[in-house]
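To start, I am sharing the structure in question, which I have written as structure tokens.
Per-chain residue numbering starts at 1, and chain names A, B, C and D are given in the order in which the chains are listed.
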């Protein structure tokens, strides 16, 4: 029973914070040291993160490396961490991006360097915490806290129009998540009597499960069968859709799904390279992760009802995002809109509720993190050299930057999902899952259009930027990537190949979560083969202390005043 | 005519108030013997010490069993003790931020602190009083002191104007409150809350008109003190005109005490009337206050005034908690003002104690955040511009992150806390209030609350934007540092963050305070 | 004699020993690509040449071994591989395979790295690596002045690797890897000279057009997967028996190798026809799943039509052929390898591979045949008026591919494959010849500005002549036989309910033959005969080095000798003789024939062409050639100076501008999409969502705040008044409560 | 013997008059006097009820109110003087520098 058996997740999450403290002690003039310490911290975190990833036993319990202590109990909260397959994968992605982001910013960020790295480290902690939280409110706290450092990243180190973008990003997300907060508290209350209810994911889910099954039975039963419902099921029947809507809105904004996506282009365009990388790489996944973990399993019936609608939005997102790209002149904006398109695939895969689709969706989350992250990274290098985002200001730079071009083209192929790269597997699985699902065939067909458009806009951009003759004199003497930049890019390219050719190690860890997700999501589906209970119920460790979560505060006898 | 024999046990509960009063008197007396030029640094120290002492005593009292004091004119219970704690905190922070403020203006005089102490004594007593005349007297004690404090600075037109408005409207409102009291007295024949319950229930069958109108008038009186829309109009002007530390004290202490008394009175009076009335009353007030407060703060460039509006908005959230106290039975439908049948089988008394807990925690949270924010304002304002009213312009905050990273961080913490963003205490306290409201089914109102607080985030963020994302304005003279201000900042920052992350112990007390409420 | 036969029938490396190293055939070029691409700059020209060529050479040797192994019959025991989907006794003969394990799996879907070499893929392996090697050799000299050589060879190796994957894949998804891989490689190679943006655009055009095909390909794959699921749920033992399988084995196969392997699909195809009895037939509606309600036959037709679109993308058929002519922007060896010999024939290969499924749907077959015929004719007509030698060859490629599609569509798979083979030889030869011509004439490609090269470039001229004759279809060259085999089959095969097709396609075929003969002769005559054109860039062309001529000679030689394949020398099982190639491919195509026989969707005819057929075809070809000869040797030289009649000019202009198809697409497809995108961005995204909804909300909020602010007049009495009013309201409400 | 209702109505009337005065009069001093009037109306009410209930609470309350009113008067007049000092007028309509 070593220290790490219990605390590994804590270490992974709070290590960046510790290093933030170290950085805080440094004088803000010591740029080199600040960078070095941050980098070391991120590397260590990567090491621990990888360790955690490999500790995760695919065949083991759903949630592993759990850690739970009482925290703010009379309010039904406990400090509870744990990883399932999906969370582990996303956690790996997060810690993987960490050091690279630092490397990417070494020359990009020239002022207020100490603050910048502080923000990075804090951001890392919040993201990891959100991924590992097993307590809904804990998740919410991290989910919200995440906004602050990112807001600063965009607003302080961003491009010319950064303030607007930062505030827009913040408020956009806040509105959604605040409504979700109401829903969280509401579902906490309806979930059970004072003694048994808790914000803990497991408790919450298990409390709702039976009612959800009843509700599903009557919803898919004859007309008006739900009138006879009582208790929790009845409440869910009346308010479930509202609560789901609140959750869905919050996460849909984060994803972002059409039509609540307009914060993304601004944020991406204005953010510094680090901001864009993390935003695309990890933050957007919080939305899909939220759907996967909370919104859909907690309210399967409402989700079932809303599924066609959401799926339509997802497909619109895919095609619409791609079309937007064709209309852009600004490279970063194009990449941002391509994210909208890619995340549309993730959502579609989720909503297909087939194991292929869900697996593909999860894998697509990782792919997008890598390919789009790399695209932003590479463009960041270019931007450092030329300080313009317009395609028309480039052209023909393949001549002067061959290595850079090669890297960019490889990533581009990954982003347009050429077989052999990681992108293909995710996209293929998502589409197949969609075709296999109970959604009409049209969804799959339209989504597949993205394959064409994707190639169209990405290659168009590559063409305009890299090929043809050099049209601007400034571009004649651009220097090619230096060693640091190559080192920063290499991991991405390696991963593109590795994840494309041997995805099994990654898929294996995702698979168990997928099965459970599908089982839980299809609780609400008509005529879904009811999965075994051990697939549905969430098994988590109970509080070590005897105190039950959410002990009701019993009122004492009124004051003896008059006798 | 036999005098009641009072034992020392009757005076023990008053200890915090007594400490403050004694300290005040010491200050006044010592001031007499000081030459105009003598250093007066000790005064702030003494005030802070008194505040600390009374706070400590209050904490100690929190574990005393609930008891009547002075034949039921007052009551000692964790609720009142916790409020005393809140008041002492507010007093301490205000006094700390006053040090530099007064020195800058060469207005250090003992009566300033003495008045602060008197006001705080009044607040802490108000939290305890359970008899209408006592309540009235205490309200007047704290009001009169604050009237004087508001007009304390004699330079310029603003302080006197603020004082005048505050005074006229304050007197007006207390007259109204008093009239309400009289009506209730007429209906019940007593002014003690505890004795009122039964006559009220009888009156309900007799002629409830007196009771109802009286209740409305009393509510109006309190609504003025807590600055609830539409009784809020004085707030921005007075907060702007008053010396910033005084503003801090008002926004923290006065509001807290008034809320405490409001809750006490209405939990009792409410028993004597159809619960629908107070629910409607406070739900409406909450709705108006939250929405209007936030909306009106949005266009403000004057930070001090913006904070005034924000304090109105916060009163709104607190009123939401108050409204949650008066939900008797959740209705069926989903309306904004009335409760919907969401409640998960929580017994109403439990829900009620949760609501009380939420209110108390919110008061503490708000005290720290607001006092800290005002301390920062007082550190940044330039008195040359006071007449123009630009002394508190957002520009003063531009580039603060480069000039004083520590200050900027602290202010950011306060702003986020006021905006209710985790991981700050502001989030936790809002959470408790919302939880209470949702628990009893005030979902519609809660949704309004969160939406308005999202709107609120905008103007809080704007301060952050100025501090972090705007360049330092050229010709910005260096900020002189001051131990008092910095102490205030450090204390409140630490509190804001710690209470946000580890609310455990405080909420344990609150569980007590909320439940062991003398009802 | 028997000794020799025995020697050829015993593979030097026993199949079971060799099978595991099949992967090397792909890995070698891949490695070459990696080395050339990453270290090419430092290695220097010679080393790069060495690495690239030896990689391909190695692959060629291995392919030879593989090919040999597939024909291994040592001691009369024919090489055979177990069929995971069939019963134990039911093995696949003349084939070796190896499964490198799972690539990816999710849910009940799984894809393996499974390689399969049978006679069909074997012969293609030889073509790819063999011709590939020759073209590498050729390129070493052709690219000698280009300092992007290392990129070039990296791409070329990459392409070969992808193409080999495509051919050796034993399942659709892996095939798709190659399918897109070659697309990617050709994108890189077409845009090889990226500094000329027109060339780079051509690359993008090729890729995107191919993507349109891939879009259909993907959907078709998914439909197949769904069909397999439905089949495995609905089929009953009789179905499995008729396919020589059993439920247990079949589901086991699905578990091990996934639903998209060709062998598995073959089994399903065998089980589907009505003739077999059983629960599932073409007319059976699918019960469950997304396809519920559609019949198996209907789904199969849809799938095959989608595959047709996919193949049309890759093999440059209507409506997606437009990219191929532009693809000539790439270096000439690329055009020879990718856009003549190998990649563009992928569509034909695909259909031969899935012949057993294809024959289930006469509709699809008819469509394929007709599309092929129309494409072929259109391309031929366009080729009439092209003056760029490579463009002419490009269109002739399109036309020849059309002919192959006709064959596939009418069920003469073996002939189509044979034509694929012969066409690979002579078209590669033609392209390389053209390359040699350009190389010798300062990259001049306009045939009007060449001429009289027969003296200067003897080798080039000779080989070009041979391959021209071959493509024109002159006895006794391979082209004649393969093409005629197709036409013969087309003529005598009959699609169920669609008898008119064979007649129509056959007629078209003859017409195409004539046209082919015409434009090819035109190219040949204008380029090599006559006297040197005054506008020639260089006064005297020089013959290329032997690096370039040797491949020409080899290819010319091949394009002669491959005729052997078409000769009816092998004994047919049912008596009589059958062409070598048909016999050779019969192990691959036997299931298709079985299915066709059972389903009676297409009546396959196996008669060998009679002398009359030969004669007709020959005359047609000759007539075309003769016309060309007459026009360009006698008529036009005489007409010089005379005004050309208007209609002639109009016709020529139209043909020269490719019948304005590109412009049409631009107008009906590309412009609208761009326009819609622009409108959506400006109106929906920027205006409606962002400005009106998002910023609008903020704006309204702020305005309301400003409005409320106005109430703060600063007048204490006003404040008091408002308070009073509020109290009044409260009191009134309270009193109302009392009254009620 | 005058019934209590009359006293109450009188008190209410006085209260309303005071309130109205606060709203309309412009001279700060007069406004302040109106407030005093309201307080006295309250006193009247207290006494009337005290009479009705026949106990001492009402009287006590009245005395308290008077005392407090005196204190208020003290501070209030001081403030009015401060206002007069700073702007030379005690006209309520002039005292509106801070607004919005």
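Quick notes
As a convention for this text, contacts are C-beta pairs under 8 Å (C-beta built on N, C-alpha and C of every residue); 3 or more make two chains touch, one makes a residue touch a chain.
Predicted, not measured: the structure shown is a model, and the values here were computed from it.
Between C-D and A-B, more C-beta contact pairs are found at A-B. The greatest centre-to-centre gap from chain C, using C-alpha centroids, is found for D.
Think of the whole protein's Cα atoms as having one middle point; the chain whose own Cα middle lies nearest to it is A. Computed from the mean C-alpha positions, the centre of chain A lies at a distance of 64 Å from the centre of chain D. Here the CA centre of chain C is 98 Å from the CA centre of chain D.
Chain geometry summary: the mean Cα position of chain A and that of chain B are 41 Å apart. Our note on geometry: chain B versus chain D, Cα centroid distance of 26 Å, whole angstroms. Taken residue by residue, chain A touches two or more other chains at 171, whereas all remaining positions touch fewer.
Residue positions 698, 709, 712, 714, 716, 720 of chain C are each in touch with at least two other chains. Counting partner chains per residue, chain B has residues 164-165, 168, 172, 176, 236-237, 458 touching two or more of them.
In this structure, the chains touch in the following pairs: A-B, A-C, B-C, B-D, C-D.
Here chain B touches chain A in the complex through residues 66, 68, 72, 75, 77, 194-195, 334, 341-347, 349-350, 352-354, 357, 401-402, 405, 416, 421-423, 427, 431-432, 434-435, 438-439, 443, 446-447, 450-451, 453-454, 457-458, 461-462, 465, 468-469, 502-504, 507-508, 511, 514-516, 518-519, going by the rule given at the top. The touching residues of chain A, when paired with chain B in their complex, are 71-75, 112, 115, 137, 140-142, 144-145, 147-148, 151-152, 155-156, 162-163, 166-167, 170-171, 174-175, 178-179, 181-182, 185-186, 188-194, 197, 235, 239, 242, 552-556, 558-559, 561-562. Against chain C, in their complex, chain A makes its touches with residues 168, 171-172, 259, 262-263, 320, 323-324, 326-328, 354-356, 359-360, 396, 398-399, 406, 413, 418-420, 424-425, 428-429, 431-433, 435-441, 444-445, 448-449, 451-452, 455-456, 459-460, 463, 466-469, 501-504, 507, 511, 514. Against chain C, the residues of chain D that register as touching in their complex are 19, 22-24, 31, 92-93, 95-100. Residue ranges on chain C touching chain B, taken from their complex, read 698, 701-702, 704-706, 708-709, 711-712, 714, 716, 718-720, 722-723, 725-727, 730-731, 733-735, 737-738.
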